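Letters are used for the chains, namely A, B, C, D, E and F, taken in the order the chains are written, and counting of residues starts over at 1 for each.
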């Protein structure tokens, strides 16, 4: 990723992209990020995190995913 | 993603790529997948899943990630 | 499980059952599945997944749970 | 579930069964539990938890799974 | 922790504290717990768990976190 | 928490402490952190993250935990 922040976190998967959609709920919020190459990452975070970080469409963000949360499909 | 299998699973994030590294342990195994655009996904699955699915370097796989497992970094 | 789809996913726990309750929220939705033997599985997925997969009461589904998400209680 | 311990935990899914297999690693350990009706639950916990709880084949345990960790497959 | 319940669960992290805030949504609810020493733990559980356990401000609770859900930041 | 890095991540729980134990395995590693007030946080991360971040006993780190990974026990 090459970012100073991302390099300091043990979560192994850091995918940089641009926010394309935000859906706020009461407790949670959905954030959709275009990471290029036709891929999108959707995350559900707390509404409080959304508000404090002021995440909005167009923002550059990094999706962070712990390796133990990843499964694989082999067709 | 456009795959029949992937479309039938509620986990929202499905990232297609090629296995570039496999590290088997005793209970778990690490699988690293190149999803293009300079991005890699690392997942930790059970050694038993690795063996049963016969995942090896060069395989085409889809990384599956539930939306509630995704965080965001905004620098 | 014996299903072609389920066999292709590294998530080790696949429990087949029938949807007995669906509670849609704004961002998330709760789905309750009867897996027989007096056991029920409750899952929280995104509202978007619920809508796209058209999950409703009476549907046959498979609950998918990664092994690293399972804890144990011993009384 | 009807157990005093299980009722006091917010994790919604509690599946009672018998341990049928234990695979200890260095950091983690795999525990496989038969929950009846032809279903098994596999969990990966820390080796330290395995040792402290003295989990072994034949033990009665309850598998505990948070609802946000559950996905669904609809074929 | 020294509690009989907590000792019987494989989830390694058990942090005792007092509920300082509860935000109910439709499907989920946010619970904030003061664990002392200036630290707070925020958790998102199902609204159904919140209701059944009757969690409210002022309650003594234990936050339970599986070790595989923990990441580390080193600045 | 008051750290510039921690404030930029949506994961809501950031607990600062000192590493008191590290157990490396093949694929994963266990890290135990004293966060004060008699509380410890144990996390399982990949061995690769441990090595790249050079986490060792005595290091100051922040444990990062997503709110959806937190459960509650009420006795």
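Some observations on this one:
FYI, a residue touches a chain if its C-beta (ideal position, glycine included) is under 8 Å from a C-beta of that chain, and two chains touch if they have at least 3 such contacts.
If you're wondering where the values come from, they're calculated on a predicted model, not measured in any experiment.
Contact with subunit B and subunit D alike is made by C, F.
For the pair subunit D and subunit F, the CA-based superposition corresponds to a rotation of 120 degrees in steps of 5.
Greatest Cα centroid separation from subunit E: this falls to B. Comparing the residue numbers each copy contributes, subunit A and subunit F share more than half of them at their mutual interface.
Note on chain placement: the centre of subunit C and the centre of subunit E lie 24 Å apart, centres being C-alpha means. In whole angstrom, the spacing between the mean C-alpha positions of subunit B and subunit C is 20. The mean-CA centres of subunit B and subunit E are about 30 angstrom from one another, to the nearest whole unit. Residue positions 5, 8-12, 25-26, 28, 30, 42-46, 48-49, 53, 55, 64, 66-69, 71-75 of subunit B each touch two or more of the other chains. Working note: touching chain pairs come out as A-B, A-C, A-E, A-F, B-C, B-D, B-F, C-D, C-E, D-E, D-F, E-F. Interface residues of subunit E, counted against subunit C in their complex, comprise 8-11, 25-28, 46, 48, 66, 68.
The touching residues of subunit E, counted against subunit D in their complex, run 5, 8-12, 43-46, 48-50, 53, 55, 64, 66-68. Those residues of subunit B that touch subunit A in the shared complex are 3, 5-6, 9, 11-15, 30-31, 33, 35-37, 39-45, 49, 53, 55, 59-75.
Touching subunit B in their complex are the following residues of subunit D: 23-26, 28-30, 42, 44, 68-69, 71-75.
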